[in-house]
Structures are given as structure tokens and as C-alpha cells.
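One chain, chain A, appears in both complexes that follow, with chain B as partner in the first and chain C in the second.
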Partner chain A sequence: MNLDWLDAFLISGLFDIAMVTGLALLLHLQLGLARIANFGVVGFWGLGMYTYGVLYIQVDWTIADPWRFLICAAAGTIVAGLAGLLVGWLIADLDDDGVLVGTLGFATAVFILATTEQDLTGGAIGMGGLRFPFDVGSTKANESLWLLILVLLVAAILFYVARVHRSPYGRLLVALGDNEPLARSLGKATFRVKLGQFALGSAGMGLLGVMFGVMERFLETSNLGINLTLAAIVGLVVGGTARVWGPLVGVLFTVGLFDIVIQSYLPLPRSWYNQAIPVLREMAFGAALIIVLLYRPFGILGDMRRDKLMRRIHGD
Partner chain B sequence: MDLEFLKESIVIGLAEHAPLVLAAIGFALLYRLTGLINVAYSETVTLGAYFGMWLNTTFSLNFYTVLVPAGLLAGLVSVGTYFAIFRPAKRRNVGALELIIMSFGLSIFLRHGLQFVFGYPVRFYDVPPPTSIKVLGVGVSSFRLLAVASVAALALALYWFIQRSSFGLQIRALASDEDLARASGIRPLVVTVLIWFIAGVAGGMAGAFYGVGSNVAPLLGWRQFLLILLVVLVGGAKNLGGVIIAGVGTGIALTAMTLQLGQVLYGDLILITAFIIILKVRGRRMAETGKV
Partner chain C sequence: MVTERSEVATVTRPRIHIHGARKSFSERVVVDIDDLILGEHPIEGLIGPNGAGKTTLMRMIMHSTSLDEGKISLLPTGSKDDVPVVLSSMHPHKMAKHGVVKSNQVIMDFEKLTIWDSLLLSLTEARYEQPQRIFSESEVFAEHADEARKYLDLFEFADPFGHAESAGEKKLLDIVRCLLLKPRFLLLDEPTAGLPDELTERVMQVIRDLAATGTAVVIVEHDLNVIWNLSDKVHFMAEGSVILGGDPQEIREHSTVIAKYLGEGHV
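Take a look at the complex of A and B:
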């Protein structure tokens, strides 16, 4: 297959879109349905990435890839999930303020540990030595295959989210987000459900962090800023917090627009790309959050559609 | 405990973290009245630092001359955000969670937008090198000492204004019960604008103190935001005294841990963990916050 059109910049842009879509889909279950305001997305993502990277580099492995990769990736995912369980336990019975503090605090804690534990993580200097768990030829071929694997992973997440939407569990998440005391009074185990959802979502975010670490082959604490959380939230809000396809549509309209269309195809002065465009991107994302929530709170795709059963019952 | 260590923790902690108390008071006022966790408050702090730096370097004014104007300008921006975003949002019955996300969006917008106005590089105040003064045997720069005195005076003035003045009474009445306050002749808009302004002034002045103590950068306020938020939630927005005590305690504890562990980030980590556990143990937040 001729892949000449797929240059390194496009691979990187598409990888970012797929990864942020995956994060926004997971956030959709937490924030969109259960209304748990996870502002610490980058913390779980970063924990997965660093756990994978530290194990891969610092442990004296006697086995080779792909088993070495699979063990490290599984560890990154599990550690992020366990962190989600802990943070979820801390915040599950707090209101939005407490959730904001808890999740932001967790992301800050991950950043601090990644910065201070230099012997393990390389600190602010960063840590190299990571590589793909396969070698199919050139760097471009490896990156393209890794992008394909990520797209398949995100498609699986999309499939899972769509299944949750149509399931009793999904309706429970919606009920929990709408009126948690009422759901609890009806005998639903709201605390356990929130905890489970938070841990599972966090594990997924950790796995996406692992994918990013492999693609970058170099771990830097500068990746642990708020920008990634912002991109996931903006994608979700712009596309529609209540709809399965909302995250994908939103991320295409935001990250896709800036990271591919504007960066690649608009005839802008080269000097703008260093500082002006990234700054403008973040400004636009911030403004999009305000404008969408003020004037179209359910985003581009609008409010949730009731599933077939409910539509039949109500004669819609 | 070593007396020398205790003295150093208290003196340096107060000197280094005095602006935290001021910023937390401003944030608490807003939180108490509106019930809103305004993430964009971090940019009020940042803008205060930028306004002060701009006045200081452009007009060659000394720091204490620019402190009040910097605070006033930040206050005006704060009121501007209320009219442009939060008032329309209230009228459209935007939910509490969505308001937090909107304020997050505003925070990002301002943080990056100010770089188009003030430029991308890190900026510095143009101030003379401070002299060192011994307090309880611990050397502190004259400048930091003046900052502590200024913050203490401003904090006390704000405390008196909210707890003792008639306007303060109106603010507290509005926070407790908007309908009852309105029936009593209180004009919610005037009081609300006033509180957004005062909060902005306090945040802006805190930012100017932060900025002159190190440098002025877009992330200045954001780096302090989590601590400000934790101090307010743990100290309790119901009583400004609690916020002041929590702020002072946080500053001293941070310094003590930094001295002990040799790494400022470890102190941050321990405090963040401790505060979140306190919030967990305490459970849901107090009921007394308004919805203006």
C-alpha cells in the first residue's frame, strides 16, 4: 500500500486525535453520564505512561518484546486503575468542589512525583530508551502500525461506550448523574458504581498513556500539564457530553481542526507556529468551552437520544 | 522540636506565603457569595502580577505605588468576567458543574490571551535589590517583610469590611438567603458586583506580591490555584478567620517541610494529600454558600 501521503506530521496529528478521542470517550462515561468532574485526566494518563516507562527501562528484563511490552503495559494500566480506585474512593461522596480538588490534586501529585523521582523517571530532563514492541522496517512503518493499533483500541472503547449507553448499567450512570440521592434511595449502590466506573475509566486512560509513551519513545514531565485534560474536556463538551459519538465529533472539530487543518493546510507565516498558533489553540479551546456551555449546552450533537425500548414505550 | 527550626519555619513561612492568605481571602469571598469554584480566579492573580509589572516597568514606578492600581485593574477584570460570562450563565440557569467547566475555559482563555498583550517571555519587576533584616534571628529580605505587613493590613481590612461594615452585612445576608436579602432592601447586583471587585482586588494584589517575589509568567496564578482552593475548602468559606488561619498554617507547614525534606515539591505533595484526606473525612462541604 502506498503511504507516501502519510508524513510524520500527519501521523503525529492523527495519533493525537485518536488518543484524545479515547480519553474523551472515557471521560464521557464519567462526566457526561455520571457527572463526575474528572479534571485529573492527565494524571491517570501520565501514571500509566510513567509506570510503563519506568518498568520498561529500569527493570533488568530477561524476556524480550513483545512480552516485555505487554507486561509493562498491563502494569501501567493496572496501576492507573488502582489509582482511580483510590481517588474514586476519596471523591465519590464529595460534591463537585471536592471532586475538582481531588482529581486536580491527583494530577499535581503525579507531576510532582515524575519531577522529583529523577533516578526513576529522569525528572525534568526526561527519560529515553523506549521503543516499539515490534520492528516492521522503517520508523514510519512502525509509527503507522502503532497508529493503527491505537485506532483499533479507540474503536474498542467506542464500542464499549455504545454498549454501556444501551445497557441498564448506562441508565444507572445517567440516573446517578441526574439525582444521586434518589438513585440511592431506590436501593442502587451508587458509591460502588461510581467507584467502579472511575477505576475502569482511569485504567483506560492509563493504557492510552502507555500507547503515547511508546509512540514518543521519550517521557517528559512537560507532557503532564493541564493541556491534555483541556483537550479531552473540550472535545467532549463541543461534540456533546450526552452522546456516544460526541467525543469523536468534538475532537475532530477542535484538535483535528487545529492540529491538522490549521497546522498543515492553512498558508500561515512560519513564525506563527512556534508560539502564536499553540497559544491561539488553547485560547480557542477555552472560548469554545464558554460559548458551547452558554449557548448550546449539549454540544454539536445535542441531547441524548432515548434508546429504542424507551422510544417504543413513549411512542416516539 | 528544634527551636531554631521552628523559628525559621514561622518567619520564612509567613514571609514566603503571605500572598497565599490574601488570595485565599479573595477566593473565599467569591465562593461564599456565589457557591462557585471560579477556576479563572487563578488568572485574576496572574493578571495582578502582569498589571503591576507593566505599571512598574512602563512608568518607572516603585512597587508600592503600583500595588493598589494593579489590584484595582484586576478587580475590574474580575467584574468584567462576571458581566460577560457568569451573569449570563446564571440567567440561563447553567448548572454548577457546567459553571466550573466554564470558569476553567475562561481560565485557559485568559492565561493564553494575556500572552498576546504582554508578550511570551517571562517578565520581571524592576525593583532595587532588598536588604536583609533579622527577625527572631532569621534573615528576611526587607521587601518580604513589607509584603507580610501589607498582606496582614489588607487581610485585616477585608476581614473588618466583611464582618463589621454594613456592606459586609449585606454581603453575608445575600450569601445566606438571596430572596430574604432582596426583600430587606438589599440590591443584589450592587453587592454582587462589589464582591467580584473586592475578590479581584485581593487576587490581583496577591499576584503582584507573587510576581515581585520571583517572576511574572502565564502560569503564576495556576501554580497557586490548588493551594488557594484547598486553603479555602479546608479553612471554611463561612468564616474568613478560618481561611486566614488555614492560609498561615499552610505557609508555615510548607516551609517546615521544605526545610526538613530539602525539596519544595515534597511539601506540596504532603499538603495536597493531607488536605484531600481532611475533605474526605469531613465529608460534603458546608451548606452555607449562596447562588448568585
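Take a look at the complex of A and C:
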């Protein structure tokens, strides 16, 4: 297959779109359905990435890839999930402000740990030595295959989210996000459900962090800033917090539009790319968020339509 | 005969024992009950003036309002598998599993869920509500749809696939959600408030049928016709305490009830 059109910049841009879409989909279950305002996305993502990276590099492995990769990736996912369990336990009964501050605080703690534990993580200098768990030829071929694997993973997350909407579990998440005391009075163990959802979502975010670590092959603490969390949240809100396709539409409209279309096809001065572009990016995301909240407060796709869904799956 | 406290009767249904239960808000005592047993009769009414503490007592039973002191227990029905359960230290979500269920005085609904959703939520067992059970909706629907349809037909909801729109629909939905939990002890806080007469009669009939099958029902209601028509026993509550208990006719004619609540010439 001719892949000449797929240059390194486009691979990187598509990878970002797919990864942020995956994060926004996981956030959709937490924020869109269960109304858990997780602002610590980058913390769980980073914890997965660094757990993977540290194990892969610092442990004297006697086994080779792909088993080495699989073990480290599983560890990254599990550690992120366990962190989600711990953070979720601390915040599950807090109000929205408490959840926001608690999750932001967790992300900051991960950043500080990655920066200060230099012996393990390389600190601010970073840590290299990661590689793909396969070798199919050129760097471009490996990166393309890794991009394809990520797209399949995100497609699986999208399928799962779509099925959750049609399942009793999805109904329960909507109920506890909508009116938790009422759900509790119906015998629903809301604390446990929120905790489970938080841990599951965090594990998924950790796995996406692993995927990013492999793609970059170099871990830097600069990746652990708030930008990633904002990209996922803005994408989700712009597309439609409560809609299955909201994360994909929103991320395409924000990250896709800016990172691919504007950066690739607009004749921007080369000197902008170091300093100005990242700032402009955040400004553009902020503007998109404000415009959408003003004119489409439920996002481009609008609010949840359980009436249509229920008619479709149970109607005559 | 009017009694100062609950009378003893042959018990075949679960009862709730309230012992030394007190609750204050801002140093004002709202509920102060030394000893009271609810559920000795199939349907019991709880009446009293506004601020008497009826709703707070209901919320204390459900542990959605914590007690300052005292204990509330669910007493066994007499079957050998049934053991006393302390409700006042129980997580609120476990109440329903023990069959203790309450409808809400103020309208409470899931704004984002349809009527069908709401009923299926009540009916669905925890084993189906697991993150990995993403294909179980059809199983749940096949298992429970008929139970839900019975009430959808009885109360003639305008569009069961849509959201409950009116206050009356939301009130009915709240009651039906409770009924679908198959309560052993049902607390109803003003269940017919805002409902038209025809629907009020249907709700009353459903409550009678439920009580006939062994469920204990306690009902707080300001529409006293509902209390007099439904109740086998009425408790009169004032200033945080249950001060009288007896059959409906005796309570409505009692001088204390007339003086504190009903007023002269109510009969």
C-alpha cells in the first residue's frame, strides 16, 4: 500500500487526535454520564506512561518483546486503575468543586513525582530507550502500524461506550449522575459504582498513556501539563458531553482542525511553530469552548436523547 | 380504643421499632420519640400539623437523615430466616435490599431518564448493572417488561418512552418505582399530593392490594380522606412526638387531634 501521503507530521497529528478522542470517550463515561468531573486525566495517563516506561527501561528483563511490552503495558494500566481507585475513594463523596480540585491535585502530584524521582524517570531531562514491541521495517512503517493499533483501540473504546449507553450499566451511570440520592434510595450502591467507573476509566487513560509512551519512545515531564486534560475536556464539551459521538466530533473539531488543518495547510510563519502555535492552540480551544457554550450549551450534537434510544431498542 | 403508644397485635408482617430516636436542627428538637412500633397493622397513617416532624421521622427511618441518638430497627416477621436489622446504622442503599422503601414528599425524578428507563432501573438486579454486562439490556427487558407494563397501563402514562413531564406523572413514577422494588415495608410521604381524584383512587387501590399481600404500609398524607379511607390505624404526631395512636374514627374525633390539628367542625 502506498503511504507516501502519510508523513511524520500527519502520523503524529492523527495519533494525537485518536489518543485525545480515546481520553474524551473515557471522560464521557465519567463526566457525561456519571457527572464525575475528572480534571486529572493527564495524571492517570501520565502514571500509565511512566509506569510502563520505568518498568521497561529500569528492570533487567530476561524476556523479549512483545511479552516485555505486554507485561509493562499491563502494569501501567493496572497502576493507573489502582490510582483511580484510591483517588476515587477520596473524592467520590465530594461535591463537584472538591472532585475538580482533588483530581487536579492528583495530576500535579504525578507531575512532581515524575520530575523529582530522577533516578527512575530521568526527571526534567527525560528518559529514552523505549521502542516499538515489533519491527516491521522503517520508523515510518512502525509508527504507522502503531497508529493503526491505537485507532483500533479507540474504536473498541467507542464501541464499548456505545454499548454502555444501551445497557443497564449505562442507565445506572446516568441515574447516579442525574440524582444520586434517588438512585441510592432504589438500592443502588452509588459509591461503589462511581468508584468502579473511576478506576476503570483511569485504567483506560493509563493504557492510552502507555500507547503514547511507545509512540514517542522518549518520556518527558513536559507532556504532563494541563494541556492534555484541557484538550480532552474541550473536545468532549464541544462535541456533546452526553453523546456517544460527542468526543469524536468535538476532538475532530478542535484538535483535528487545529493540529492538522490549520498547522498543516495554513501558510503560518515558520517562526511561530516554537512559541506562538501552542499558545494560539490553547486560545483557539478556549474560543471554541466559549462559542459552543454560548450557542450550543449541550455541544454540537446536543443533549442526551434517551427517549429516541429507548424507542429504538424497545419500541414496537 | 385510643392508646398512648402502639398496641400489641398478632404480627405477620415486618415492623419498624423506633427507640429513643431524637433529631434536632439548630438546637430545635424536631423529632423526639421514646418508643414506637410502626407496621403492626397493614396500613397505618401518620398525621399531624406542619412541622410536627413526620417527614423528618420518615427520613430518619430511611437513614437519609441521621439520628442524634436512638435506634431504629426492622423487626422480624416471625419466619425463622428473618432477623432484626438495625436500620439507623445501615447504608441508605441497603434499605431497599431489606425491603424498606420510601416514596418522596417533594417531587424527585431522573430528568435524563425516560419513564421506561426509570422503571427498568428499579427492576434491574445489581448483577446486570456491571461494566462488563454491556449486552444484557434485552435480557433485563425480557425478564421485567411485563411487571413494568402492568403499572404503565394502570396509570396510563402519556408516553412511556418519553420523559415524565407533569408533576403528577413524576409523582406517580416515584410511587411505581417504589412498588417495583417489591417492598416489605413501604413508607409513603404524601403520595397523592397533586393527583386528580381518579388517579388518587387507583393509587389507594394499589396500596390496599399491596397491604393485603403482606407489605406493611405507613402513609403520611395531608388529604385526610386518604388517611381515613385507607388506614387501619392512625398515629397522631405533634411537636416531634407521636402522642396518640388508634383507629381512624377514634383519632378524628379525639379532642387533642381536633385542638391541635383538625379544628372544630371538620367531621
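Quick note on the criterion: the second predicted complex is superposed on the first by the 307 of 316 C-alpha atoms of A that agree within 3 Å, B and C clash if a C-alpha of one lies under 4 Å from a C-alpha of the other, contacts with A are read in each partner's own complex, and residues count from 1 in each chain.
Assume a contact is a pair of C-beta atoms (placed from the backbone, for glycine too) under 8 Å apart; a residue touches a chain by one contact, two chains touch by 3 or more.
As the structure is a prediction and not an experimental result, all values here were calculated from the model.
Chemist: Looking at A:F39, would you say it contacts chain B, chain C, both, or neither? Reply first, second, both or neither.
Modeler: Touch status of A:F39: first partner only.
Chemist: Which partner does A:L90 contact after superposing on A: first (chain B), second (chain C), both, neither?
Modeler: The answer is first: A:L90 touches chain B but not chain C.
Chemist: Look at A:I112 in the shared chain and tell me whether it touches chain B only, chain C only, both, or neither; answer first, second, both or neither.
Modeler: A:I112: touches chain B, not chain C.
Chemist: With the two complexes superposed on chain A, say which partner A:I125 touches: chain B (first), chain C (second), both, or neither.
Modeler: neither
Chemist: Classify the contacts of A:V136 with the two partner chains as first (chain B alone), second (chain C alone), both, or neither.
Modeler: Touch status of A:V136: no partner.
Chemist: Hey, what residues of chain A end up touching chain B and chain C alike?
Modeler: none
Chemist: How about chain A: which of its residues touch chain C in the complex?
Modeler: Going by the criterion above, the answer is residues 160, 163-164, 166-169, 171-172, 174-175, 177-179, 181-190, 193, 196-197, 200, 242, 304, 306-307, 310-311, 313-315.
Chemist: Tell me, which parts of chain B touch chain A in their complex?
Modeler: 37, 39, 85, 88-89, 92, 94, 96-98, 100-102, 104-113, 115-116, 120, 222, 226, 229-230, 233, 263, 265-266, 268-269, 272-273, 275-277, 279-280, 283-285
Chemist: Which residues of chain C touch chain A in their complex?
Modeler: 62, 64, 91-97, 101-102, 104, 108-114, 116-117, 120-122, 124, 126, 128-131, 133-138, 140-141, 145, 161-163, 177, 181
Chemist: Show me the residue ranges of chain A that touch chain B in the complex, using the header's touch definition.
Modeler: Contact set of chain A toward chain B: 31, 35, 37, 39, 90-91, 93-98, 100-102, 104-105, 108-109, 112-113, 115-116, 226, 230, 233-234, 237, 275, 279-280, 282-283, 285-290, 293-294, 297.
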